[in-house]
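In structure tokens below, several structures.
In the two assemblies presented below, chain A is common to both, partnered first by chain B and then by chain C.
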Partner chain A sequence: MSLLQVESLDIRHGQFRAIKGLSVSVTQGEVVALIGANGSGKTTLLRCIAGAARATAGTVHFKGEDITALPAQARVARGLSLVPEGRRLFPDMSVTENLMLGATCDRPGDWSVERVLATFPNLVKRRHALAGALSGGEQQATAIGRALMANPDLLILDEVSLGLSPLVVDQVYASLAAVLTSGTTIILVEQDLARAMRVASRAICLLEGSIALDRPMAQAPREAITAAYFGLGTGVRA
Partner chain B sequence: MMFQITNAVLLGGHYALIAVGLSFMFQVMKVINLAHGSLAVLAAYGIWLLADRAGLSPFVGVLLVIPPMAVLGWGLQRGLLERAGRGGELLPILTTFGLAIVLDNLMFQQFGADTRSLSPFIGDFAWASWELPGSIFVGKVPVLILLTAILTIGALQMLLARTALGRQIRATAQDPVTAGLVGVDARRISAISSALAMVTVALSGLALGLRGTFDAYAGAPQLLFAFEATVIGGARSLWGTLAGAMVLALAQTFGAMVHPQGFLLGGHLAFLAVLFVRLAAAGGVWHLLKRARA
Partner chain C sequence: MTILTATGIAKNFGALCVLEGIDVTITQSEAIGIVGPNGAGKSTLMAVLSGATAPTKGRVHLDSVDVTRLTAPQRAHLGLMRTHQIPKPFLGLTVFENALVGATHAGGFAGDAAHTAALAAIEAAGMTSLANRPADSLGLLDRKRLELARALASRPRILLLDEIGGGLTDAEAADLVHIIRCLHGQGIGIVWIEHIVHILLQVAQRLICMDAGRIIADGDPRAVMADPQVMRAYLGAVA
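So, the complex of A and B:
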């Protein structure tokens, strides 16, 4: 049974049609890599699924329930959490306070401030520092931890590596490994194709607001993904 | 001299109690509530009615007025400010301006032009005083108001710093969209904040009635002093609002010492001085002058 079902989704920014009649469904336990160039609609699509952007037409179902009209906090309460692009921490609050805010909905589960700190050991020393004073890697770890505090069934990670040095990206993914293999369903946006192919079980390529490729990672060779990324015809719609 | 300074500090306590609700609403919802003073007068009339008709002590009356004021605050946010907020930044301010006019005139219609005071209902306490060293006498009522202001600000700061609700209020104030993404219901939090602000307004209504007299149009000067104290204190912390209220009261007192008509002028000058220093620090004065010349 599909955990997330998006049907004929249209999102417009004024005259611009950012998402064009997109349909996709994600099954429990999948790790989906969403791949696409800047402006292909990845962030718009994910923000709409999380409730931070409005759909112009179409529906989003989560666990069989129509959530299209629900506000973001109601979706968090149902187990759908987004780590937004650019982290969007609360800069005047400490790391611990940011993490505790993530538990606002009080969903049952075993994520706690202690477990987040154990998962992201680079935060232990910084737990009382203000989020605005953190390095990029520490901010990303805090943002992911904050989303995990809601014990989500579907975790959406938008641009995990944005603005981070390769070394720090390695650290973040090393910490994420436990989450990635824990059975939590994950949709992630990753610009580093090699890394996306390593961690994800399924690849979805977005091109100008439509899906250009959607395959299990094992059947999606690098060339096919690259072709879909640039819209080069070959490998598109297999 | 010591006598004037002592009285200025006590007056500052009164301003702080009025200003804290205005400052709190501005910090959380970015709304300058121009009906703030009128709502304080409304609360004062509520306490006066309970004292005059039911013979309740104003200190008991205020406890009965707090719950309806909190409900009013909730309704104000949900029914007016939230809707107005969808129409842009300016609309909530205009809405509260309109609300102030409506409230003032409704109260005038209901209660007429007579000035009222709550001090007749508290007996000797109204003029009781303590003697400080150096034979300075301080009224018990102004001291009580100052302590109430400090306790109110302390309680709100504790709430903001230590509790889950406080974290949610701060998150909503900083970034309502992201607050929603982590599961905070920003609409609910704004309504709760508005209700909390109205609780402080009920307390300042009591202070207004105990300190002197009020009538239906007494809201505007209360709003002005609250606004000046808030701006002088800055929007960072409620303790800043307390400091701003003290600066305002001291400036007014010194103004009155220089010239009998200088009371209000002294306050306004302090307000403008702080405003210009802030603008200069932000590099805004030059910008302002250039625009004025253009």
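So, the complex of A and C:
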């Protein structure tokens, strides 16, 4: 049975139709790379799944329950956590306090401040620092840690690498490796295709609000993903 | 034959260098597409070419005239017009009145000549049946068409289009491609920034790819899209 089921989803920003009748389902344990050009609807789709954006039409089911009308915090309480683009930490609170906020939904599980610090060792010395004073990599680690503190069944990572130097991106992924292989279901947005192909088990390409490609990563060569990304070639348009 | 030339263009916003070392020559006979990932500097280049913003370094020439210090309205009088990524119609005016503003203020037409230019522009943009509709009642596609009509009413020689294809359905995009092809066929030079590559490739005879404030590829569209440097700019290096 699918963990997440999105059915005929439509999302509009005013007159702009950002997501056009999109349907997709994600099964327990998958690591899905969501790939697409700027403006293709990745962030809008993820925000809608997480409850941060409203669907104009269509439904989102999580573990069989219709969550379309639920607010974001109710979705977190059901095990669906988003690491938003731009991290969105509370800058005047410490790393630990930001992490503790992730645990306020009180879901059972193994994640604790100590385990987050063990997973992201770059945060150990910074645990009492204000989030606003952190480097980009430390902020991303804190944002991921905050999401993990809710012990999510589905972890959504939007733009993992955005604004980080290549070295720092390597560090974040090195820390994420344990999470990626832990069986947690993950949807992530990563602009670096080679990296997305390494870490994900499935590729979904968005093109102007629709799915242009959806395949197991092993059957999605770089050429096919590139064609879908730009809307080129035949048979790639959904 | 009008030629738009930008030489040694740089643009800084504070410490942020948005454009660096841009050299580009555009002739009236061309239909040029400009692509590039987010933050590449495409819209800033368009603003520098159209006169909306002054470059930190470099010169812009229209024919042999140095227009670097001329404002956008002054460049419009010389035949260089742009449309905006987010349509900016005069909401309280009708479609015809919006086009008339383009004909009179940007095109320098008066009286019957202005009316003729406005009507022709509305027709070229496929909006004749909407001529008396207030702009604030238009949907997204029609607002984009109106951007085009208002620019056309000035009878430009070179038209700069900023992401006019976003948010359209396939059928609407096909309409837009047809309109822009017709304009190019009438001898208007087209410079079109668009992130929807497959729409752009139906019009562009030449493609420029920008990344991090620089031009990284310039030439035949298929060759540019196959350029490893272009692929790297969008999707990272091949592992």
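Definition applied: the second predicted complex is superposed on the first by the 234 of 238 C-alpha atoms of A that agree within 3 Å, B and C clash if a C-alpha of one lies under 4 Å from a C-alpha of the other, contacts with A are read in each partner's own complex, and residues count from 1 in each chain.
Keep this in mind: a contact is a pair of C-beta atoms (placed from the backbone, for glycine too) under 8 Å apart; a residue touches a chain by one contact, two chains touch by 3 or more.
Predicted model only: the values in this text are computed from it and were never measured.
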Partner chain(s) touched by A:R146 [first = chain B, second = chain C, both, neither]: first
First (chain B), second (chain C), both or neither touched by A:L130: neither
First, second, both or neither for A:G39, with chain B first and chain C second: second
A:L70 touches, of chain B and chain C: first, second, both or neither? neither
Touching partner for A:G231 - first (chain B), second (chain C), both, neither: second
First, second, both or neither for A:R198, with chain B first and chain C second: second
Complex interface listing, chain B residues touching chain A: 164, 167-168, 170-171, 174-175, 177-186
Residues on chain A engaged by chain C in the complex (per definition of touch): 15-18, 37-39, 191-195, 197-198, 208, 222, 225-226, 229-232
Touching residues on chain A, where the partner in the complex is chain B: 50-52, 71-73, 76-77, 81-82, 84, 88, 90-93, 97, 100-102, 104-105, 146-147, 150
Chain A partner contacts - residues on chain C that touch it in the complex: 37-38, 139-140, 143, 166-167, 169, 195-199, 201, 225, 231, 234-239
